[in-house]
Amino acid sequence: MNNERYKRGLAKLEEIDGQAGEHVIASLKDIAPDFATLLIEFPFGDIYSRPGLDLKVRELAVVAALTALGNAAPQLKVHLHGARNVGCSRQEIVEVIMQMAVYAGFPAALNGLFAAKEVFAQEDTMASPTT
Amino acid sequence: MNNERYKRGLAKLEEIDGQAGEHVIASLKDIAPDFATLLIEFPFGDIYSRPGLDLKVRELAVVAALTALGNAAPQLKVHLHGARNVGCSRQEIVEVIMQMAVYAGFPAALNGLFAAKEVFAQEDTMASPTT
Amino acid sequence: MNNERYKRGLAKLEEIDGQAGEHVIASLKDIAPDFATLLIEFPFGDIYSRPGLDLKVRELAVVAALTALGNAAPQLKVHLHGARNVGCSRQEIVEVIMQMAVYAGFPAALNGLFAAKEVFAQEDTMASPTT
Amino acid sequence: MNNERYKRGLAKLEEIDGQAGEHVIASLKDIAPDFATLLIEFPFGDIYSRPGLDLKVRELAVVAALTALGNAAPQLKVHLHGARNVGCSRQEIVEVIMQMAVYAGFPAALNGLFAAKEVFAQEDTMASPTT
Amino acid sequence: MNNERYKRGLAKLEEIDGQAGEHVIASLKDIAPDFATLLIEFPFGDIYSRPGLDLKVRELAVVAALTALGNAAPQLKVHLHGARNVGCSRQEIVEVIMQMAVYAGFPAALNGLFAAKEVFAQEDTMASPTT
Amino acid sequence: MNNERYKRGLAKLEEIDGQAGEHVIASLKDIAPDFATLLIEFPFGDIYSRPGLDLKVRELAVVAALTALGNAAPQLKVHLHGARNVGCSRQEIVEVIMQMAVYAGFPAALNGLFAAKEVFAQEDTMASPTT
């Protein structure tokens, strides 16, 4: 057991992904609980916890990569929330996605923008008073 | 003719890619000269010239995307030089590439790191006195 | 402002994509209005407006590429409509998609065929009298 | 007409994919009936019928590849059922998908695991008595 | 044995790919001779031999798809020769590749153009008198 | 520091990849030494060390995935050696690669077969007496 990496990873996952991260972990419980542990330990405990690169830039890099790959829509949405959680502005996020038109084509950029539109709308709904 | 976009794009291309950019443009002259014009006008004149995102972050986003896609080695190298030209540290570049192991797998990250190793070595060769 | 490219692009977008194109442009208005402009100017104003290749062949080439990439279902459907709009027969479209089994595998071709099935059914619905 | 390949392929398709295979074939009837024939003859009549590799390993290899590519969710689900039909354990399937985190990234592996979760749940529903 | 498909495929392979096709078949002899047979029978005997789509358009569709995928440079070159063999003009080929910048990004289009440049140069060398 | 995972991973890396694995680790020393550690710990210490799936099947799954992705030739070759090291027959390897023609297209399968041809030839060279 590697408690230190796990604790560091869990804290980082919560910092970045908030409830969306917890939801992913919970959804793995009955199919591959060990994968939830590995997901906390390696990406979050090992990679995101490294110094040398700002969390905002890390999240914008993920948004860039997942927009370009275009085959992981749920994870792109999680990281669009994550980018917002760590302080990226909507403009920064939109600019990164638009730029992907150059490197992965217009369809990839369009699908990234539509994902951002959905995430920003959720954010507005959460932020607005319910009464 | 759209001289303003072309001039703005050419200046931006030189700022980011330096001689590597000029080399790409020159190599298109006999196969598709119009594509050289479009490459200057759209990616560099339209996209890279937009406000709202730091050039350093733009280059790190490209390094992330091309590392993740893993099918455009020559352009990844051009942008590794570009990232250095606009002020990214070697550590920032290496961190972005390492992070891609999480989103596109270890082979993609390894090939990105080996490209960076080659680009940094070229940089060292250029920087060192020849006598 | 580059009115000539924009006007040429908008006319070409309407020629190829009809209402589907207008829908894409409208859906970008609140998330990235500049991207709608760039989408009209570069792909449609610059690329599709070029001589030297028949619009029918251009659309079949897009159907081939998006079927092979397999990660841009909404845009594939827009261009399946587009291919029909510029005069491609259903048989030509189906043949191009089937051929992608050779270059990108049977799953990519199957998903392309199912997209075509959906688009052709919409076309039949639109064409049939409602009374 | 090549009856032998077709018959061999149809038998193999039923052995591997059961009803899911028949459903794919049926769904091609009105869009591309020839493609249904080719799908039975080449993948199932030519490839899966070859000696030299166990059907269980063939199905795990497909699960690996479609998880890694990440752009063919319906076919991944068909082959998750197929892997079960030819005798792969749930553990073997989950291990192959988890391993893809190393080669295609965590999002690809997560989406593969969620597909397996869905397929295993369907399997449980089918297996349980309805009264 | 399926002599008719094989003969039809071999004739089609020679019509499209000429010596490059024979070279691919020969290079498979010691690693996977059966795959050479399957390659002749399915892509060339079954797919390329179908009516309903012009061979020129078939080759331009392959050029589009392989340029967009960006991970099969040797096969792209074979089909650039193939496109020329069946009568596509250099301009048509270049236009299809340029168009891929819209659907798969500028790096994919650039690498496609550089492949075309190489193929056209080989063509010029072959065509010029050797004395 | 996590000595147990590292030791377990290093032993597994040597079991699977032999000298090729050591070469990869050594080549990372001056560009990203931490990545060498992560590569030993996560893929080899965490994933390959798991029970529930035979090492032979794990290697065939990697060969399938990297052949299908088609964008990581050096890593495919390392794992073709790895598959042989853990006991896969040449026939099993060739069958897995041929099968990828169905899921990722003939170019991907061809490039996989040519990589196998190269790896098997190196193997023959190593095995033959030098005097």
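Every chain is named by a letter (A, B, C, D, E and F) in the order it is written, and numbering of its residues begins at 1.
Keep in mind that, in the parts below, a contact is a pair of C-beta atoms (placed from the backbone, for glycine too) under 8 Å apart; a residue touches a chain by one contact, two chains touch by 3 or more.
If you want to know which protein each chain is, UniProt gives these names: A, B, C, D, E, F = Carboxymuconolactone decarboxylase family protein.
Everything quoted here is computed from the prediction, not taken from an experiment.
Asker: Hey, what chains does chain D share as contacts with chain F?
Answerer: Correct list: A, B, C, E.
Asker: Considering only chains that satisfy the touch condition with chain D, which of them also satisfy it with chain E?
Answerer: A, B, C, F
Asker: Please state the rotation angle, between 0 and 180 degrees and to the nearest 5, that superposes the Cα atoms of chain A on chain D.
Answerer: Rounded to the nearest 5 degrees, it is 120.
Asker: Please tell me whether C-F or B-C has the greater number of C-beta pairs in contact.
Answerer: C-F is joined by more C-beta pairs in contact.
Asker: Measuring between mean CA coordinates, which chain is farthest from chain C?
Answerer: Taking each chain's C-alpha mean as its centre, the farthest from chain C is F.
Asker: Let me have the rounded angstrom distance from the C-alpha centre of chain A over to the C-alpha centre of chain B, please.
Answerer: Roughly 24 Å, centre to centre.
Asker: How many Å are there between the centre of chain A and the centre of chain C, using C-alpha atoms for each centre?
Answerer: Between these chains, centre-to-centre, one finds 30 Å.
Asker: Of all the residues in chain F, which ones touch at least 2 other chains?
Answerer: In chain F, residues 34, 38, 42-43, 47, 50, 66, 68-72, 75, 94, 98, 100-108 touch at least two other chains, as defined above.
Asker: Can you check the complex and tell me which residues of chain E touch chain B?
Answerer: Its residues touching chain B are 69-71, 94, 97-98, 101, 105-111, 113-114, 116-117, 120.
Asker: Residue numbers of chain C touching chain E in their complex, please.
Answerer: Of all residues in chain C, those touching chain E are 42-43, 47-48, 50, 52-53, 57-58, 60-69, 72, 75, 91-92, 94-96, 98-104.
Asker: Chain B touches which residues of chain F in the complex?
Answerer: Listed in rising order, the residues of chain F that touch chain B are 24, 27-28, 30-32, 34-35, 38-39, 43, 66, 69-72, 74-75.
Asker: Touching residues of chain B toward chain C in the complex: what are they?
Answerer: Touching chain C: residues 2, 5, 34, 38, 41-42, 46-47, 50 of chain B.
Asker: Show me the residue ranges of chain D that touch chain B in the complex, using the header's touch definition.
Answerer: Touch list, chain D to chain B: 68, 100-108.
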